[in-house]
Amino acid sequence: MKTIRIEYFAALREHTGLSSEEIATDAQTVDQLYAELDGRHEFPALGQLKVAVNDEFGDWQSGLADGDLVVFIPPVAGG
Amino acid sequence: MKTIRIEYFAALREHTGLSSEEIATDAQTVDQLYAELDGRHEFPALGQLKVAVNDEFGDWQSGLADGDLVVFIPPVAGG
Amino acid sequence: MSTFRFVRGSVSPTDHLGSLRDQACGGYVSFEGWVRNHNDGHQVQRLEYEAYENLGVKEGERIIDEALERFQIEHAVCVHALGDLALGDMAVWVGVSSHHRDAAFGACRYIIDEVKHRVPIWKKEHYTDGDSGWVNCEACASAATRSPPASVSGG
Amino acid sequence: MSTFRFVRGSVSPTDHLGSLRDQACGGYVSFEGWVRNHNDGHQVQRLEYEAYENLGVKEGERIIDEALERFQIEHAVCVHALGDLALGDMAVWVGVSSHHRDAAFGACRYIIDEVKHRVPIWKKEHYTDGDSGWVNCEACASAATRSPPASVSGG
């Protein structure tokens, strides 16, 4: 088991009602972590999500280590 | 004979020492007027001059009428 | 000072011009994004911007660095607003200075285009009819779906 | 108020923004031309601008009208400085507002390019070595030639 911190922004923050949470998980990859969290939060369909691990863009197959920070990034709309 | 007013700007103003002058002339066209003034002022070579008659761009064959305002326009350098 | 910054509320370019002024530069091009009163047929009343700031600043700085490398410019800065904005407020500003104007136009355009596509910033529009929504959020209203996003099922 | 204006001394864009602000517009692009300390290998100390103002304003307004016709923009203004300018002063400013940024970038570029080529404005550079000269003036130092300009002999 490792502890992963997740931060939520925008539509995901509003949907979950959380700015962040920490979970203990056996997920090996970001993909598995998303599936686990989706089971709990029933995320809305937001189009192509990106993901960041420890404040850098990552990919869905990235491995997870204890203490990692993960952010799921809905399509952006700056400017 | 008609009376033509000429205004000078930039290098032509400095060369002639005049901001404007009025001359009585028999020149029929802008071209002829330029030749007459060049004989008097010995204009410097300034590249492709344009000409304006009564505050609108004209051409060198434009006819002249009594009271016209003529400006010879050296290559511009705004901005 | 970072070349990409977030500020609370409307951007004031004059606060950020210092790093662009340069007596060797003859050209300056800027882009300002203003909160407008309509989008996609809706009457907009106000906006909210939210960002993933740590990653946003990194990605914004990367975009500025790319512009400095690709174009013959001397300085470039981008500032993006966060929080509540009213109509007419400045949501984003890009300023570029260079010796010649060609490069400044190209770089300014590059920066705003990339910022809009790559920096994790989200915009919530509040409409005059009382409705609101996150822009680019396909199904925020119907949050009941269980199907994962395409990128996840594909990955 | 005219969409093309001359002012004495450095341009202050804030004096002219009124006609560009529009809550229907989401994009604003500006160009500023600053007096720089070098040109063509010379060290510039200061500049002087002189214009044929009556024709200049007419031609400037024609350029703005062309931009409004060719690009999907809402408002455009150009202001040019006259008289003595110091290093860093603003010699010219173009501001364009539109619904979308594409059009604003295109129009701003069009306006400054056309203004530089078509509006009767002349620039005298004063160099640090005490020399000075009208820019684009091929032979102002050797004023003794009698040969007419090419356009005249050809016409």
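Should a chain be cited, it is by its letter among A, B, C and D, assigned in written order, with residues numbered from 1 in that chain.
As a convention for this text, a residue touches a chain if its C-beta (ideal position, glycine included) is under 8 Å from a C-beta of that chain, and two chains touch if they have at least 3 such contacts.
Fair warning: this is a prediction, and the values are worked out from it, not measured in the lab.
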item: Those chains which touch chain C and also touch chain A; value: none
item: Of all other chains, the one whose Cα centre sits farthest from chain C; value: B
item: Between chain C and chain B, distance of the C-alpha-averaged centres to the nearest whole Å; value: 52
item: Intercentroid distance (Cα basis), chain D paired with chain C, Å; value: 29
item: Centre-of-Cα separation between chain B and chain A, whole angstrom; value: 74
item: Junction residues of chain D, two or more chains touched; value: 33, 112
item: Each pair of chains that touches, named by its two labels; value: A-C, B-D, C-D
item: Footprint of chain D on chain C - complex, ascending; value: 21, 23-38, 87-88, 97, 99, 101, 104-105, 108-109, 112
item: Contact set on chain D toward chain B in their complex; value: 33, 49-52, 54-55, 58-59, 80, 91-92, 112, 115-124, 134-140, 142-152, 155
item: Partner chain D, residues of chain B touching it in the complex; value: 7, 9-11, 13-15, 31, 34-35, 38, 42-50, 52, 55-57, 59-61, 71, 73-79
